[in-house]
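Labels A, B, C and D are assigned to the chains in the order they are written; within every chain, residues are numbered from 1.
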Amino acid sequence: MTRALLGVELAYWQSTLIRVLAGLVAVLLLTGGVVYLYLFKFVSFMQSRLGPMEAGPYGSLQLLAEVGKWLQKEDIHTEDSDRTIFGLAPAVVLSSTFLMFVVIPAGPDLVIANLGTGIYYVLAVSSLSVLGILMAGWASANKYALLGGLRAAGQLIAYELPLVLAVLGVVIQAGSLNLQDIVAAQSGGSIFGWDGIGNPFILTQFVAFGIFMVAVQAELTQTPFDMPIAESELVAGYQVEYTGIRFLVYFISEFATAVGFAAVASTLFLGGWALPASWGLSDGVMHVVGPLMISTKAILLVGVVFWARFSLPRFREDQLQTLAWKFMIPIALANIVVTGVLKVVF
Amino acid sequence: MTGVLAASTSFAVPANVAFAVMAVFMVAAAVRVVTTKNVVHAALWLVVVLGGVGLNYLLLQAEFVAMTQFLVYLGAVVVLFLFGIMLTRAPLGVSDDLDNSQRRLGVVIGVLLLAVLSFALVRSFGADKLTFEAYDQGAEVARAVGENGRTQAISDSIFGEYLIPFEVTSVLLLAALIGAIVLARKD
Amino acid sequence: MWFFTHVWIIPALMVLSFLLILLFGKKMPKKGSEIGIFFIGIALVMSIATAVNWWSWSSGGPEVTSKAAEAAALSEVQPKCSKVATEERLEAAEQGEKGKAQGKSVAAAAASSAEKGGEPEIATRPVVRCLSWFETGNDRMTIGTLVDGQSVLMLVVVTIISLLVHVFSTDYVGGDRRYTHYFAFLSLFTASMLFFVLGQSTLQLIIGWELVGVCSFALIGHWWEEKPNTDAALKAFLTNRVGDVGLLVGMTVLYFAADRSFSVLDINILANEGEIRHVVLLVAACCLITAVMSKSGQFILHTWLPDAMAGPTPVSALIHAATMVVAGIYLVARLYPVFFEGLSIAGSSVNLLAVVGAVTALFGALLAFVQKDIKKVLAYSTVSQLGFMVTSLGVGAWTAAMFHLFTHAFFKACLFLGAGSLSHACHHSFNMVDDMGGLRKVMPKTFWTYLIATGALAGVFPLSGFWSKDEILSGTGSFPGTEGANGTYHLMLVMLLLAAFCTAAYMTRTIWYAFYGEFRGHGHPHESGPRITVPLIILATLGAVAGVANLPKSLQVVDVPGAWATRFEKFVEPVGLYFPAISHAGFNLTLAVVSVVVGLAGIGTSYLYFWKGSFRWAQGLSSRNKLAAAGKRVLENKYYFDWLYTDVITGFVKGPLANATNWFNQHVVDGIVNGVGRGAVGTGQWVYKNVDQKVVDGTVNGIGAGAGATGGVLRHLQSGRVQQYAALFFVAAAVLTGVFVVAIG
Amino acid sequence: MLLNQFLLLSAVLFSIGVYGVVVRKNGVLVLMSIELILNAVNINLIAFSTFWGLGGQVFALFVIAVAAAEVGVGLAIVLLIYRNRRSVDIDTLDELKG
């Protein structure tokens, strides 16, 4: 990457360090942007109000103010709580989120680690957040928190399956788990011999895309799947006892996860960072255009997630489980079978 | 990533350091799993052990198995444990009656087994070095296909050479699924 | 040649039909029957097209055809379909075909070349197409199609019969409560049989075989609300399971014998070339014969077949004419080298297959005499005719067997459908003795078609049954003056002739009961509608003329034009590496006359007995003569086979054996135990007073205390606590391993 | 790296797991100890697979799948025990009928 951009040859550890730092900055920037854009402004417009307007032009510095507020709040915990685990839980959730970004490519060489098991790694790492949530729910010594944690765990496990199964359709079609290969399969593909826009898998895997987005909505515990943190039932679920910087960590990880899944979805279904290979852009150009492409696509997909979040009412807990086990998993399985058959036939 | 690491000859030292650190953590965590007086803590110490095992797989260049370890063990099995604990009894703080009366016997057995195993291992394999030659021999495909060739080689052996065990495993999983539901349902 | 490579479409069509009927049948205006008829119609057209293609291909041969390149490509067997059927091998076999035949048996080869005259011998290769189903280890399972004369013949037969049965059923089961499901299963039944017939690997044969069994189970038990019907279905299914054990074992043996290959070609070629040991082939053949006995209703496993009459009549027609029961015959024919070499059919005079067939042919025919139910008569008749085919295969007359299968399909389907038409008129009763009679006048179409089919079955010249039966009889090679047979099976000839006599006689008996005399039922019978009579007429016509497909080369009386002679043999019988060099018995005029006379004698006897009232002494013979009565009783109880299976074997275990064991237990064992007990008590009392109290007690008390202490320690070993067991287990494992490692390793 | 460093680590984990199985009273903890044993075995399989081909990895995958099934059934049993006896101590389960 650095060789391509700066013409400097760096040691392995140096280039890795740069990649990690750049990745962190990018993730935090994107997350902040998403929070401002959707949570502050988009929802306000949907609800016919202005949203924050005081801090900075159009309230653009509101986010900094919020972070400052959380940072200076007192860090409290309940008397019976298990303090070590109570403290570790947000860290587990946050690291699960950040580890996800390790393999998401943003350009021909713009990726922290190009793993052969790319998408499988994403799914494995994203499933770790359940642990943090269960830890938080249990360690809070609060029955609402425990119930919320259990609900969250049940929900996350239930929707992990359709998520994995939906991804399988793409993997079968691309013939690889590697995200760069999947991107290449889309940009280098063609639709009935026409390669003007490559072959973004959303066209062939629209079923998988639908399932993936619904499952993402549930994995993020966003409305209509927000039973674990339903304020009218469980106050705030597993987060109920968290304040200050620990709550900030949950907040960041929630939105960073949204960005992460949106980036994964755009990589899997919308062609990722790449433009169609037939356009003939060089790698150097794509190192600049690529990050912009994937950021745009991811932000748009996050917009879809938030649009659904602010438009739909909450389900019931049993409806949630029914939807996952009785509808989405069978449909995802059928999608895999059809994809497999078509892959063999054509 | 692992491919890059393996390619460099200076891989051995950092890898050994990493292994040593992990091994210490894992053994300590494993001891805590079987000695801690808090059930939830035991499950969380188990996470450390299982995660360490996964990292060990990475050291052994078994990337796909490592990911499966993370996905299945950390993402599902430990969560199931926590679920089980919280559905039955999840007391905060310590509980004193987690061990039965044969603790001394247990220590003896553990040490005895360890002695026998270590003796046998040291005698059989001495200072054999890991060469990873089987990977390169067994996975001709690997080099041909490149970065993710090893994953492909594994899938080829699962769906080729080991198809029957694979099918048997799937039937077993189905049976376990049905069995678990039958056991756990309330009526 | 498109049809050879795409023949898989035919079963696929029927599967599609099954699914469509199942999913949308009830919503269709005709409740799904039109879907079935539409698809079976297409399947029939495609089968006939395939047959025509095969006809032109095999008359031209691959090297003379105008599309030589295409044919050459077709005739190459893909290496993944067969391990041994390589191009060179096939070529070599075609070159050396004649020499090989001469090497086998000089006389036979001479006869066959004399018979075939100057015609060039053309080896038409089978067209094999397959794809990998799955692979595991080094074994590849393939699924595909094998097209040769034999499978093409079956395609045509199955689709014709199935189409007519479909049409017949629209009227016959019209208004039934499970009309749609009935048609769905008819489609699946046909599909399974077609799948079986086209099978390229023995795995496919097994799957098709079982699917046919499942479908017959469903159709026999179509009216499952009544207990006898479900019982019959279960009986059919379970009896077939007995044979399936044989099938699985046999197929497994062949799989390993053929160097781990499921391919039919591989098995046949290796068996044919003597690369599989004779003993192995013998074992495999015997196992497969068990399967054939159950599926094709051969004697002692035939008992399910008459009970299967519980199903709707068109289903019986389908089962008996084209699908279920001929699967067994087809299996033998498909893997013929296994039987031919394994049973040493050539040059012998008795073997298991022939014996089973001949016994079935005769005993089945005898059983048909005492039935009141017209369908049961036909069922036993099928048993008997299947016996003919099996005998024919057993004596090496392969072509005759297939020919008989071909003609039998038509006239037996006609008879069954005719019986259905009769019962349609007589309030769904099949009891010809009590509920029928005199129907000749009111049901002329049914009568005439039934009469023709009966004639064909009885072997009346020149109906089709005559030709095929005659070929089987001469195939036994035992009649003086017959030339070119594979062996000399005297016993078979005698039994088959007797069976032929009985066949003619009992069929005439059904004609008497159903069509002559006074009407004994109630109500007013009427002729059935066109959807019933048209299939009957078609089948009767085919049954009458199908014999011209295989007219012998020289009838000695009239000279058959070359274009008509032995067509069937030429197109159906495989020539080549995967088929044994069998020879063909020539036509024997004397034997033909004898068989016609035997048939006419049977008819005449019955005629005299029933119409003219001759043999008055025989009327009521069974009530006067003890021997005759016993004979009749044996027949009425179907040789006591059902009794043997259910009462004797099961009953013996449940009743006498259990009772005897119980008695033995109560009296002998208990007596001994009690006696010993009493003796022991007496001795004990004496010992107690004298020895025990004084001498032993001291010792015992000491030992007892010791034992108590030991037991107190050992007691803890059996605590019921799993972890303690685990601890012991691990200690033991560690110690054992330690011993091994230190001492041995 | 030496082959033995992995094998010895696996031996240690195995022994600790055995200790847990023998000593722990709580059903869930016993299941956890069994997981330790299974993971020790898996390390062995993977370490050997670097010598003798991918079969070891494939079987490690099978072991993981079977272990997941085992935990599912095992926890269902523990749940059932808890429901019947209000306790998950398995050393009280020494009767031959429930």
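In this text, contacts are C-beta pairs under 8 Å (C-beta built on N, C-alpha and C of every residue); 3 or more make two chains touch, one makes a residue touch a chain.
Everything numeric here is computed off the predicted structure, so don't read it as measured data.
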#### Entry: Chains touching both chain A and chain C
B
### Summary
Comparing each chain's Cα average against the average over all protein Cα atoms, the nearest is chain C
### Query
How many angstrom between the C-alpha centroids of chain B and chain A?
27
### Query
Using the average of all C-alpha atoms in each chain as its centre, how far is it in Å between chain B and chain D?
10
## Note on the structure
Per the C-alpha centroid definition, the whole-Å distance linking chain C and chain D comes out as 53
### Summary
Averaging C-alpha coordinates per chain, one finds the centres of chain B and chain C separated by a number of Å equal to 55
### Task
Going through chain B residue by residue, note those that touch at least 2 other chains and give them in order.
64, 68, 76, 83, 87, 100, 102, 105-106, 109, 113, 117, 161-162
## Note on the structure
Within chain D, the set of residues that touch 2 or more other chains is 18, 22-25, 91
### Query
What is the shape of the graph in which nodes denote protein chains and edges denote touching chain pairs (line, ring, star, complete, other)?
other
### Query
Which two-chain combinations qualify as touching?
A-B, B-C, B-D, C-D
### Summary
Per the touch rule above, chain D residues touching chain C in the complex are 18, 21-25, 30, 90-91, 93-96
### Message
Quick check on the complex: what are the chain B residues that touch chain C?
### Response
100, 102, 105-106, 108-109, 112-113, 115-117, 119-120, 123-124, 160-164
### Query
Which residues of chain D touch chain B in the complex?
1-9, 11-20, 22-26, 28-29, 31-33, 35-36, 39, 42-43, 46-47, 49-55, 57-62, 64-73, 75-80, 82, 88-89, 91
### Query
In the complex formed with chain B, which residues of chain C make contact?
134-137, 721, 723-724, 727, 730-731, 733-735, 737-738, 741-742, 745
### Task
Within their complex, state which residues of chain A touch chain B.
12, 80-82, 85, 113-118, 120-121, 123-125, 127-128, 130-131, 134-135, 138-139, 141, 146, 149-150, 153-154, 157, 160, 176-178, 181
